[in-house]
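Look at the two complexes coming up: subunit A is in both, with subunit B in one and subunit C in the other.
Now for the complex of A and B:
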């Protein structure tokens, strides 16, 4: 169930998403407390190299973090 | 942020409403086909507290890269019995506390500049009363400190260089790949039973070159190391009457070098590799004078390999092939065990294969199987009449692992079964891990070993071990 639907940078976003597991009787909620949209992500970052090359991954992540400042 | 709540009265009410509209209650199904209809409604502010949390942004610090784990471990051999390694020789084994130790493990990772990364792991151990290392230290508390992993990495363009203590893992089969022979290992006692935990790091330079869907990875090791000798008093220590020490390096220069090419396809990878290596397990000659230090000898060999995997839905198939040129055929098929002897030190060529699969039964359950088989080429060549090779025909091992995460992952039940292809030994481990919270965890383990006189594992026949570990992480 989605709630707190808001317009963030021209993107409609449900900031609170609640799920109920009928088998385990568990109620879970995903709350988007902070979100950044329209980040510039290099296609090369979304490759297998990012999974194994730690220095490459951290460099890519740092570039993403810099865009959120 | 994912916030999980349960035992809410609201949840029970909603569950009741939901089961009713799903047809399990007394209310008929919604003819429109929506299983929830208009009944599953609750207040938007049920989880409103999540948005009231203060912002957690803080100034980054170099200390952020540290992860520390403290663990206290107790491990008993609980079965009073005796073993008969050779007919007529019975060795009594009393139930005893084997491990009573406090461990500190740390991991540190710091990407201190673009393209640069420093990573290290290390450990400290304190061996308390009744631990076998306490007894070996003349009944005094013993301590041990070790840096396991320590490397500096530089990534630039399509390349990466890593220098320092690290591991290189080849092969796809989990747990017993014929290609996983680059780093040496230490199976010090039964608290370390997985090769993933037993690998030791070595000083290497690793050079990776990345391109679209493929990768070259090469390494050079200018200081090859060998499996350490079992510590006196440990379960794997055997008193041979001779002093078996580490390898004594002379003036000769040792090095290992290897390269691997990996290509990825949709749902599949293949790799080819070649290497010049030293066998991780030393062989030993009896002292020339008949007493004193046994003579540790290394053996170099060449390795050619191929590996492949294939994902089919929730099933992952693995295959490893290895051709080893110039190995000494005195290895036991059981990890950590070595058949000693000086009579069969004739270099042989060996072919090996590992086949396995990993299957995700569900998001919580998984099972994996790996079978390793080896065969010496021309195994009788060079032997005189009456000499018997340690490993005849096809020899190897099999490994089955099962894992089930319960209670939303807080309770993990796992088991490991391992044996050799000749059915001479069977190793069964059952484990339960419970995470109390983000910092505290408790683990229990039961290990049973069965073996006959055809394998060195006979020294652990009918052993039953029970262990408990309490862990605090931060």
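Now for the complex of A and C:
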């Protein structure tokens, strides 16, 4: 189930999506708290190095956070 | 332009839009919806909250029957490849503190038959684990997203050629006019999917899925 449909980057997006598993009786909700688009993202940031290298990851994330200010 | 001409133009336009909507196939609707979703993710940085719990029904309302487990994530995505239809996305856990640094990297491909690749990093173990993508010799189910009820399959885009679509009757959902489209995986996709059939309710104006009903291999 989707709700809070809003216009993001000229496209409509559901900012809240709930998945109800009727077999396990469990649900999960994914809420998009903040969304920023059209950012300058280095392709190298989306590699396994970002998973394992804490300093590299934090530097990259800080740069992205700065773009959202 | 006279009032008559304006009215005639408006009527013709409305008729054309209506006819176009009538003629849309299930596949065309799903393609536009998929393109819309993909373009929203391009060069994006997202902060999201993932809450999970066991639920129950109380006085006709669905509610958590326990305190939900809440995770806060940051996610980065770009589109690339042919026609910008492939995706790369990375999600990192910020909270709870004990899970900070757990991450998931996914390369998604639009091309039918080409398996997506997913790697999970467990910070406590300091290891990257590749999540099997459903190769012919490793028919596995999609991975859960950070222990939630969502799987990588639920957030995928592309590979529409691996499904057949059938437009069912138009209806309403949450007060909006929606197309109801049934999606059935082909034989190869069915081996890798949790779902044997999915029915999507897609907003006719905004091309957003407002509801999906997924059925497992036993039709439940």
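The rule is short, and it goes like this: the second predicted complex is superposed on the first by the 69 of 69 C-alpha atoms of A that agree within 3 Å, B and C clash if a C-alpha of one lies under 4 Å from a C-alpha of the other, contacts with A are read in each partner's own complex, and residues count from 1 in each chain.
The working rule: a contact is a pair of C-beta atoms (placed from the backbone, for glycine too) under 8 Å apart; a residue touches a chain by one contact, two chains touch by 3 or more.
Values in this document were obtained by computation on a predicted structure and should not be read as measured data.
Undergrad: Once the two complexes are aligned on chain A, which partner has more residues of subunit A within touching range, subunit B or subunit C?
TA: With both complexes superposed on chain A, more residues of subunit A are touched by C.
Undergrad: Would you check which partner chain A:67 touches, where first means subunit B only, second means subunit C only, and both and neither mean what they say?
TA: Only subunit C; A:67 stays clear of subunit B.
Undergrad: Check the residue A:33 against both partner chains and state whether it touches subunit B (first), subunit C (second), both, or neither.
TA: In the superposition, A:33 touches subunit B and subunit C alike.
Undergrad: Answer with first, second, both or neither: which of subunit B and subunit C does A:4 touch in the superposed model?
TA: The answer is first: A:4 touches subunit B but not subunit C.
Undergrad: Would you sort A:55 into first (subunit B), second (subunit C), both or neither based on which partner it touches?
TA: After superposing on A, A:55 lies in contact with subunit B but is clear of subunit C.
Undergrad: Of the two partner chains, subunit B (first) and subunit C (second), which one does A:25 touch, if any: first, second, both, or neither?
TA: It touches subunit B and subunit C both.
Undergrad: Classify the contacts of A:45 with the two partner chains as first (subunit B alone), second (subunit C alone), both, or neither.
TA: A:45 sits against subunit C, while subunit B stays out of touch.
Undergrad: Pick out the shared contact residues on subunit A: the ones touching subunit B in one complex and subunit C in the other.
TA: In subunit A, positions 1, 3, 20, 22, 24-34, 47-48, 52, 54 sit in both the subunit B and subunit C interfaces.
Undergrad: Under the touch definition given earlier, write down the residues of subunit A that touch subunit C in their complex.
TA: Spelled out, the residues of subunit A in touch with subunit C are 1-3, 5, 8-9, 11-14, 19-41, 43, 45-48, 50-52, 54, 57, 61, 64-65, 67-68.
Undergrad: Mind listing the subunit B positions that touch subunit A in their complex?
TA: Those residues of subunit B that touch subunit A are 1-6, 8, 10-12, 14-15, 18-19, 22, 40, 42, 44, 46-47, 50-51, 53, 55, 109, 111, 114-117, 119, 153-155, 160, 208, 210, 213, 215, 264, 408.
Undergrad: Which of the residues in subunit C end up touching subunit A in this complex?
TA: Its residues touching subunit A are 36-37, 39-40, 42-56, 62, 64, 72, 74, 76, 78, 80, 88-90, 92, 101, 103, 105, 119, 121, 126, 128, 148-150, 154, 174, 203, 206-211, 216, 220.
Undergrad: If you look only at subunit A, which of its residues touch subunit B in the complex?
TA: Contact set of subunit A toward subunit B: 1, 3-4, 15-16, 18, 20, 22, 24-34, 47-49, 52-56, 58-59, 62.
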